[in-house]
Amino acid sequence: ADQEIAWIYCGDKIDPIHEKYIKEWEGRNPGWKVLPEVVGWAQCQDKATTLAAAGTPVAMAYVGSRTLKEFAENDLIVPVPMTEVEKKSYYPNIVDTVTFGGTQWGVPIAFSTKALYWNKDLFKQAGLDPETPPKTWAEEVAFAKQIKEKTGVAGYGLPAKTFDNTMHQFMHWVYTNNGKVIDGDKIVMDSPEVLAALQAYKDIVPYSVEGATAYEQNEIRAIFLDGKAGMIQSGSGAAALLKDTKIDWGIAPLPLGPSAKGEGTLLITDSLAIFKDTGVEEKAIEFAKFITSPGPQGEYELQGGAGLTPLRPSPKVDEFVKADPAWKPLIDGIGYGGPEPLFTDYKGFQNAMIEMVQSVVTGKAEPADALKKAAGELEQYK
Amino acid sequence: MSVRRSTLILAWTLLLPAVLYVTVIVAYPLVDTFILSFTDASLKKTTNWVGAGNYEKIFNGTFAEVIIRTFVWTAFSVAIKMIIGTFGAAMLNAAVPGRALFRVLTMPPWIVPMAIGIFMWGWMYNGQFGMISGLLQNWGLIDGPVAFLAHGSTAFWATIVTDVWIGVPMVTLYMLASMQAVPQDLYEAAWTDGAGRFYRFRRITLPLLVPAMITMSMLSLIATFNSFDIIWILTQGGPNGDTTTMIIDTYRTAIGSKKYGEGAARAVLICIFLSIFCIAYFRVTHRLASEEHR
Amino acid sequence: MGQLNLDGVRKFYGTYEVLKSIQLEVKNGEFVVFVGPSGCGKSTLLRMIAGLDETTAGDILIDGKRVNDLPPVKRGIAMVFQSYALYPHMTVFENIAFPLRVEKMPEDKLKAKVEHAARILHLEQRLEQKPGMLSGGQRQRVAIGRAIVREPKIFLFDEPLSNLDAALRADMRIELAKLHRQLKATMIYVTHDQVEAMTMADRIVVLNAGRIAQTGAPLELYHKPANMFVAGFIGHPRMNFLPVTCKGVSDAGVEVDYRGERATIPVEPRDGIVGGTLTLGVRPEHIHTVPGDLTLTITPSVIERLGAHTVAYASLGGEGENYCAMLPGTVSLRTDEQVRTGIKAADCHLFDENGIAFERRVEMTDIDAALFNPAAA
Amino acid sequence: MGQLNLDGVRKFYGTYEVLKSIQLEVKNGEFVVFVGPSGCGKSTLLRMIAGLDETTAGDILIDGKRVNDLPPVKRGIAMVFQSYALYPHMTVFENIAFPLRVEKMPEDKLKAKVEHAARILHLEQRLEQKPGMLSGGQRQRVAIGRAIVREPKIFLFDEPLSNLDAALRADMRIELAKLHRQLKATMIYVTHDQVEAMTMADRIVVLNAGRIAQTGAPLELYHKPANMFVAGFIGHPRMNFLPVTCKGVSDAGVEVDYRGERATIPVEPRDGIVGGTLTLGVRPEHIHTVPGDLTLTITPSVIERLGAHTVAYASLGGEGENYCAMLPGTVSLRTDEQVRTGIKAADCHLFDENGIAFERRVEMTDIDAALFNPAAA
Amino acid sequence: MSQPTMIHRYRWYELVGIYAGILLFLTFILAPFVEGFLVSLKPLALLFSSPYRFWPENGSLAAYRTMWVSVPGFARYIFNSFFISTIITVAVLLLVVPSAYAFARFKFRGSSALLAAFLAVNMFSGAVLLIPLFRLMRSFGVLNTYFAMIVPGVAFLIPSAIWLLRTYMMRIPRELDEAAFVDGASHVYTLRRVILPIAMPGIAVVAITTFIGSYAQQFIFALTFNSKTEYMPLPIGLYAYFGRQEVVWNELMAASFVGIAPAVIVIFFLQRYLVSGLTAGAVKQ
């Protein structure tokens, strides 16, 4: 009978483009079948992990790249080394998100970066120049304050819910201030750069949407779309959605912190991980590389609205950006981006970061103390 | 073969299928969990025996706080469920037109998939678009939007309210059934003696419901102690861990961080606490039963 | 105080008429018993008096005041339920004190009252117990205690003894009678046990299918039942009924014929009955094994020997008519052996074809002068 | 077939001994009634015979075969429960047919049997109804029908009439007696109602606290109770007991003194009783309003007029001893007015300080020769 | 009770009080459904808009139509839920009826301990036992079949079913068993011909509660032990409305209402049964 490659596919249904290429690949590899199992976003990663932990891994799963180290350290996945040519094809820094211990452990399939969106109408109402976005944190805070005080509407949308995105959002601030969480094997988070980011959080909260800890990025985005926040930091999806609203908006690179050496952003990728001991590892790697190869991937990521940022530069992408300049800040940031920190217990890391952010946002702790405490906790998760 | 022997054999024959089934499906994994709690099982392929290490770790951490929070959360939730459920049952017990419909209308929270009910509450709690904050603003009771899940204290109560909402139909139904079991002539006797409706409720209905209340509190306590989906979907234990209960912590440790050993130890602790409640419950009902006649 | 009038009281359940225009007057201090077969509407009537059930038509007056629309407590009545309706979670003390707590009586006065009631009912030792630990008779007394403390004008009892066993029932009967004399309150008592009715009542109200069949003092009902229903209902074993033909009337009474046996029954005659079929009623205890005015030879099919009495059952003729005789305990009798029995004409009752009794010429004052002034008994 | 022996049967619940070495023989075709106060162990004994409860010690033999370890169906018994235990979801037909269905009897034979039973019990019209629609008496007959179809050697009844009202109870008593004669099966019947025991039994077994107090024909127990327990238990109203002093013995009997009144009771005397305290027993029905061998003046406190009889209750002396007299219905009597009552010495019973009766010199064959051969009654 | 007796006569202010109380109570119970329903009426674009307006402007029932299109398998999910719940209910009844009978009728050493042990099963939420359970399911080879959801579902619904049915059966007079026993009926025959028919109202209650329990609440087992879309039950099916970036809230809510409708209808017709069946069971303990 046919040999099968089971694939845990996150989402509600298989993207038609993926469906098309699965067919194509199966056609080229007789005797092989790809069996995608569609699992909702909220559970797909846990499901892949549970299956692996129980000893019946799927061949391939869609996972956040930040989990790769954990899987690798626990000997659950196989490395997926890239050739130099393959590495080169990606935007800079992207391969780093799946690299650990000198080799690659997954194939990037989805990628997102963030940019600053602002509401020109609100800027106008607040007496700000609607065409001038903030360039620095100080400006960002000041603008937010002015919007809040002049219009009564929140100047900024800060997501700080107990959710992975809260950590991501904060990492953007860290990376726009030249900060670092971990350097090799050393926790270096307790630094002035990171402290400044946390302090900026504290400063902007009073002018942000009430109850930051109740919202994650999509909820904050919805508030922005409703015209109830002056600025947000968001991915490409917001641009697509904004087009359907009456809001006059703009998009710019993320504002920078005092210690910034240039633009920056957090590079978040999702990858296809190939699980060990399924007997079809070789073929799964082959398929994974096929489905993420420039052709299929390019078609997939540029559909728009999905909130993805292209992984690789290509003429098509350039065309795309020309047609829609909103993409420019999203793609430009990649060059200065840093990967998600890789931890053995990334959930532990994530929880510690969330806790730190929330304690500052809710005023429960002073930034310096919160940072020190979190840095200490991180030791056990690396 | 004596009569007693044969009935014993029969009793066990009748019980065997269910006992076997539950043993295989529940007891076996349970023992597995218990053993796991003494190991450092994780995603790693190898596991080592760590003795009571996991338990020590639990008590060296912030778990004490979690335990206390769990108890407070559970106590409030169960108490409010009982109060609202009994109140609802009393209302639905009144012989007024339409009560059959009203009774049906109390059941949806029980029928709807729990996650959906929680999503709906999530909507209600939303500060910007939700019903509660919205209506309160419209009525001028609050100034700006209030995100109920954003603040430690409101999130704590919001999760309790949702838990209450899910548990109330069962409590109401059970209390209603118990109320209908109170002999009508007791009410008539009291009425003849001049006792008003409220007085009758306070002096007759309520005391007679005590055994049913204890039973229901117990069942509801077990469910509440293990209440997971509500907190997980609404707040994931946040903000600042202010809604992290034992079961959330257990899930986060075991499934989130894949520390199966430590998670199992937490699960075992939950079982121990619940067992203590159960034993207390059986004691109390036993005493009640012997206190009343027979 | 304590006087009750029912004026044309009717009760419908849907279209079904349970009580059909009841007319009754109960004097203050009287002990009135409602009897009747199961389902005749006794409880319904009592509950209407209590105010627990609605009155469809007619008026209920207590001390001359229309109370139809008053709640029970405002009517000045107290009710003892068949099931006692004791509160299982309260002590005996609290059960008895309940009505006083409702009216917020001060603690010391309340205590005195409850203890007084407990003394009357011999419950002093039980005050701290819960009803579940009491015997049937004790529970019954607690229920009465709860009624007493309110000092109602009228006590209502719905078959209060029917849950007790025979011996206890006999004891409680006597205690209730004593209580009545002690409290001198009006009491209305429902039962379907005619022994209870006979022994306790000043006056019995016999109900049949929603109507009052007869009202009167116990012995009046026994000696002068107004109709066959009452005649059959009162007295145990029940009265024997024999179909007779009227042969003539005279000053001495009505002459009847039963299978050739003739006798003149001393009752007030009526016109136009000669030649018609009447019913002769004879109580089992008035049948003797010596010849009488009317002599019947019977073959007992069942003989019950109770020691004090011997009850013989026989069938007269093929119609399956049962004939029952209560004879002295010492009588020598065997089943399936013929025996001659005699009846005195003066002991007989006579009913027309509608079951209405002919007035008997029996002087009740011979038995007890108090009978015609029951309240003084 | 149908003969039962209990040989030293004992029953413990835990350490509590409910039945203490019961020795009893029941002849084929006999109607034996177990009576006794509540809790004396009647039901337990019956259930042990049925095989529902285990026997702690001793043997139960049916037709000479030890059945201790046999299930009920193999013992050839059928049982009628106090609650009837009718299956509410089955028709009367199916209820009666149940035992036959269990033994998989062919449909036509089954139908014939059920219809036969229904005819005997006058249930032909009810076969298609459910028990919920039947009256108490009808339900009772269905329960009996279910027992009849099995054609058991022994019928067991546990208070089958206690849920019925008085009138129905009287009717059913007679029907049961007839049924017994018709089926000629052994019947064992438990009741705490002594009227039922007296009227139905060939032989009564009086149980008291787990022991047999006396076994005998009904009138034997009435006239010659072996002890005070039986004397008080049999007869209604219960026997009056008076403390007397023994003044001497003679051939004529025992001379006793009650407050100065002397009489010689015709009983078999015993040695060493002179000067001691004995108990004199007098049944209420043996007290008359004419002077007798023993004459007492009483003041009735309660008078119950039942029509056929008048029962007077009085207290003798300060000890609260109750004295009860059953007088004719026509007697003229008032409460709180003194009346002289007389008792014949021949009617009296005498008990020693242990409550054991002195043998009375009464010739029972005067009453009924069959009494000493109960099975033939 | 064809006619209210006097004690059930309410004065106007009592009526007002009672209806106010019911209103208050039902407001609490139903508010989220009102919110959910309003959400289902609003076009996705209008969902997130403030200030809050109770009545949806240009609301429409469109979501109730599009939900079938955007998740084509939804009818199948409802069917699966029905199917799985039916099997679970039958299996639970088959296991529970004999045990409840045994618990109600026989007292033997350890019987109350065993009963307590059954109750204790309620103490372990499936989440805690997930991984050992998964291994077990795998060794049974039932992963990715309907049985993957049925087998654990049954186990966790047994305890409360036993508890309920036992109390109900304890109220059936013991004499009925004894009478059948005296007539030679075996225990199985008695159970089948006598106890079962009489316990029907109690069994109905157990069946309803079990059905609802499995219809709406089986989530985690379905998620973990089954990978086949065609076997997924309703709760999982509802998650299909969670897109990659966007939750299709209006369709999700519409689908929830459609999905629970069958169960609501069942409850509506059986509510009298439910309360009275519980009444009988509730009296003692």
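When the chains are written out, they are named A, B, C, D and E in that same order, and each has its own residue count from 1.
The rule is short, and it goes like this: a residue touches a chain if its C-beta (ideal position, glycine included) is under 8 Å from a C-beta of that chain, and two chains touch if they have at least 3 such contacts.
Note that the structure is predicted; figures quoted are calculated from it, not measured.
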{"item": "Path length in steps (a step moves to a chain that is touched) from chain A to chain B", "value": "1"}
{"item": "Steps needed, at minimum, to go from chain C to chain E via contacts", "value": "1"}
{"item": "From chain D, the most remote chain by mean C-alpha position", "value": "A"}
{"item": "Chain pair with the greatest number of C-beta contact pairs", "value": "B-E"}
{"item": "Chain B and chain C, separation of their C-alpha mean positions in angstrom", "value": "57"}
{"item": "Chain centre separation in whole Å, for chain D relative to chain A (CA means)", "value": "94"}
{"item": "Intercentroid distance (Cα basis), chain E paired with chain B, Å", "value": "16"}
{"item": "Sequence positions of chain D contacting 2 or more other chains", "value": "51, 71"}
{"item": "Residue numbers of chain E (touch at least two other chains)", "value": "7, 47-50, 130-131, 135, 239"}
{"item": "Overlap residues in chain B, where contacts from two or more other chains coincide", "value": "128-129, 145, 188, 191, 255, 260"}
{"item": "Of chain D, residues touching chain E in the complex", "value": "50-52, 71-73, 77-79, 81-83, 85, 87-89, 98-99, 101-103, 146, 150"}
{"item": "Sites on chain B touched by chain C in the complex", "value": "183, 185-186, 188-195, 199, 203-204, 207-208, 210, 291-294"}
{"item": "Chain B - residues contacting chain A, complex", "value": "42-45, 125-129, 144-152, 155, 235-241, 252, 255-260"}
{"item": "Parts of chain C lying in touch with chain E, wherever the complex brings them together", "value": "13-14, 51-54, 71"}
{"item": "For the chain E and chain D complex, residues of the former touching the latter", "value": "173, 175-176, 178-185, 189, 193-194, 197-198"}
